[in-house]
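Structure, as C-alpha cells:
In order of appearance the chains are A, B and C, and numbering begins at 1 in each one.
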Amino acid sequence: MEMSEHTQPRPTPPAAPQLPKKPFAWERLAVTVLMIGGLVWSGVETQVNVGQFVANFGQFTQILAEMCRPDWSYVSYVVAPLIETIKMAVIGTAIGAGIAFPYAFLVSRNVVTNRFVTGLFRFILNIIRTIPDLLLAALFVAVVGIGPVAGIITLAIFTFGMVGKLFFEAVETIDEGPIEALRAAGANQWEIVRYAVVPQVMGFFVSYTLYAFEINVRASTVLGYVGAGGIGVFLQQNLGQFRYDRVSLMVLVIFAVVLVIDYVSSKTREALL
Amino acid sequence: MTVAQKEPIIQFTQVNKVYENGTVGLKDIDLTIYPGEFVVVIGLSGAGKSTLMRSVNRLHDITSGDIQIGGRSITQAKGKELLSMRREIGMIFQNFNLVKRATVLRNVLTGRVGYYPTWKMLLGMFSAADKQKAYESLQRVELADKVYARADELSGGQQQRVSIARALTQEPRIILADEPIASLDPQTTHRVMDDLKKINEELGITVLINLHSVELAKEYGSRIVGIRAGHKVFDGPVASADDETIAAIYSGADTEKVGA
Amino acid sequence: MELSETHKLPARTHTGAWRRWVAGGLLVAVVLWAFTGMPALAIKPNAQRIGGAIIAGIFHPDWSYVYTGDGEDLVSTLLQTVAIAFAGTFISAIVSLPFAFWAARGKHKFWLVSRSGKFLLTAIRTFPEIVLALMFIKAVGPSAFAGVLAVGFHSVGMLAKLFSEAIENLDNGAGEAVTAAGGTHLDTTMLATIPQLLPEFVSNTLYRFELAIRSASILGIVGAGGVGTPLIFAISSRAWSRVGIILLGIVIMVTLVDFISGTVRKRLV
C-alpha cells in the first residue's frame, strides 16, 4: 500500500526518445518449437522411412510405367459409369445447395438475432462439416445399400456443409446499409431478407454452388470405391486386379471431364453474374 | 408563416437516450416540429444528431421520454403498428444504403414494402401502379433515364438522388435525412439539396435533416436546431441564428441563454 | 435533358438479361436430366432398421474402445491420423514452393510456363488420393507412411496453386519502395516479397492441414493408416456402437484441429 502510494507520482522521464526494446518474440519461438516437435513426433508416429521408400522405388516406377500405357479399349466401358458419376454430382449439389440456401440465413447473426437459434444451427452445421465424404459414403452404403443413392446422399450432405458455411459467411459480411433503409421504410424481417440481403448475396450463392459442383465431380469419382455408385466402382475393381493400365485410363478420363466441367462451370458463372 | 396553429407532426417530450455502453446520446430533448417545416439540425460530430434522427423512426430505441408522430406515440408502437408508422417516414442516409447489385427501379420500389402483405413482397409482386409511382419519383429527381441501370453504375450524387426517390415512393409525411450530402461534391450537393427543398415546398413533406454546413443550413432551412453533447442548445428560425449563436452551438457557451 | 410528355414507365429493354435466362434455363435442364434413370427408390428394404441401429449406436458409443493400450484403440489411431496429416502437409508445403513459382503468372516472360505449371497442378489435384495411396502401399507396404506420402503428394496440387495465387496477388508497391530506396533484387525479396508472402503461406498451409486431417481419416479404408481402418472394420462387421465412438472421435478431432488452426490463421491476418 505505502509503497505504491510513494511510487505513484513518479515524474515523467525527460523527453529522451529512446528506442524502446523490442519485446522478445515468445510467440515465434513457441511456433518454431511446435513445428519442429510436431515434425519429429509425426515422423516417428507414422514410421517415416525414407530409406525404404528409396529402396522400393522400383516398385513405384513399375506401376508408373504401367500407367503410362493406358488401355484405350476400355474407354467404352467407362462412359456409362462416368455419366452416372456426373449425374450423382449434379443431383447431390442441387439438393445440398437447395437446403443450404435457407439454412445459411438461419445461422447468420445479422438476419436472425436470436443467438440461441444461430448457435444451435451453427453447431449442427459444424458437426456435419467435420465428417469426411468417403466415411459418409461408407455409412450410407451400409444404410441404403450399394448404388448411386448412397453417393447422392453423401454429396448432398457434403455440399450442404460446404455451401452452408461459405454462404453464411458471405451473408454476414454484407453491407448493412440497405437493411437499415428497408427497416426505416417499415419492412419486416422477411422483406428485409428478400430485398436487402438476397440481392447482395445471390452472386456468392451461385459462385459457391458451382464451386461445390466442381469439387463434387472430383469427389464423386472415388465414392464408388466404397460402393456408392459411379466410376469409382470400376476404379476399385481394377485396382484390386492390379490393372494399372485401366486405372490410368480412368484417371485420364476423369481429368478430362474435370477440365471440361471446370470450364463450363466458370462460363456459367460469368453468364449468371 | 403561422405554422403554430397546426397540429405538430413530430413531438419529442423529455427524450433521453443512453447507449448500452453508457454514452449519453440525447438528454432531456423537447422538440416540436410542424407539418411543412424544413428543420436543419446542426452540431459538432458526436453531438447526437444521428441519434436524434434515428429516434424519430425508432431505428434506435430511446431510454425514456416519448416521441409522437402525428399525435401517435411511436415509442409505444409495437409490431405491425410500428411498421406502418415507419411507412410514413422516409429516410435518406449518408451512404445511400442502396442495394448496389439491384436495378434503380428495384431500389426505388423497395420504398413500397410497407404497403404490401409479406407474401406478395417475397414473390416480388409489385403492382404496375407502384412501378409507375416509382418512375414518377425518379422523374422528380430527374433520373428517369436510369430506371433500369444497376445502382452501382451510378455516380454518388445520382445514387443519393435514387435514395431520395425511394423515400418519395414511400409517400411519406416526413423525410429524415442524415447527412445526405456528406460524401458529395459541392455541385452535386446543391442538386440534392434543391431536390429536397422542392419536395418540401411542392409536396408539403416535412423535412428533418442534419448537416455539417452552416451555409447550407441557412440557405435551405426554415428552422435550425442546435445540438451539443446530447442537449438541445438552440432552436429557432434561420433568421435568428446569427454568427454568434452558431459559434456557440459549435463551441462552449450555453446558447439557450445567449439566444434568449 | 427534357422529360417525355407521357411520363409512362417504359418497358425494360433486355440487353444482358437473356444470357442469364439461357444459363438459368440450361442449369434447370441439367438438373432434370440428372434425375433421369436414377434409381431413386432403390433403397434397401431394411434401410430404416439399419439407420435406426446406427443412430442408436451413435448415442450408445462403445466407450471401452477409447483406450485399450494395444495401439489399435481410438486414441492411438486418431493420433496417428493427426501425425499423417501433419507430416504429409509439412512435406507438401516444402515441395509446393518451387511449383508455386513455376505456376505463378507474371513471373515469367512466356505465359506458357505458368500455364503448364497450372495444368500440372490441376492434374495432381485430380489424381484420386485413394489411388495414390494404393500405389504408395505397393512401394512401402500398408502403413501410415504410405498415407503420409499420399497426403504429401496430393496436397501439392492445391497448396502450390494457393501459393502461386498469393505470389500473383503480391502488392508490388512495397517492392518498388525498396527498389526506389536503392535496394537490390535480393533486398526486395528479403524485405518486401518474403515478409508479405510468409503469413499467406502459413495460412494456406494451415488450411490445407485442416483438409489433410479429413483425408488422413479416410485413407485407412485402403490400409494407409489412421482411424479409417478400424472404422471400416466396424462398419463391415456392423458394430454400430463402435462406429458411434469412432465417429465421435473424428468429430472431436476435426473440430479441435479446425479450431486451433482457425485461431492461428485469424491472428496471422
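Couple of notes before you dig in:
The rule is simple: a residue touches a chain if its C-beta (ideal position, glycine included) is under 8 Å from a C-beta of that chain, and two chains touch if they have at least 3 such contacts.
Computed from a predicted model, the values in this text were never measured in an experiment.
Judged by the touch criterion defined above, the protein chains are all mutually in contact, each touching every other.
Nearest to the common centre of all protein CA atoms is the CA centroid of chain A.
Farthest chain from chain A (centres taken as the mean of C-alpha atoms): B. Across the assembly, the chain pair joined by the most C-beta contact pairs is A-C. Computed centre separation for the pair chain A/chain B is 46 angstrom, with centres defined by C-alpha atoms.
Chain C has its Cα centroid 6 Å from the Cα centroid of chain A.
A separation of 50 Å divides the Cα centre of chain B from that of chain C.
Here chain B touches chain C in the complex through residues 131-132, 134-136, 139, 142, 144-145, 147-148, going by the rule given at the top. The residues of chain C lying in touch with chain B in their complex are 1, 3, 7-10, 12-13.
Taken together, the chain A residues at the contact with chain C in this complex read 35, 38-39, 41-43, 45-49, 52-53, 56-57, 59-60, 63-64, 86-88, 90-91, 94, 126-127, 130-135, 138-139, 142-145, 147-149, 152, 218, 221-222, 225-226, 235, 239, 247, 251, 254-255, 258-259, 262, 268, 271-272.
Chain contact summary for the complex, chain B toward chain A: residues 57, 59, 82-87, 89-91, 93, 95-102, 106, 110-111, 113-114, 118, 121-122, 124, 163, 166-167, 170, 176.
Every residue of chain C that touches chain A in the complex is listed here, in rising order: 19-20, 22-24, 26-27, 30-31, 33-35, 37-40, 42-44, 47, 50-51, 54, 79-80, 82-84, 86-87, 90, 122-123, 125-131, 134-136, 138-141, 143-145, 147-149, 214-215, 217-218, 221-222, 225, 228, 231-232, 235, 238, 243, 247, 250-251, 254-255, 258.
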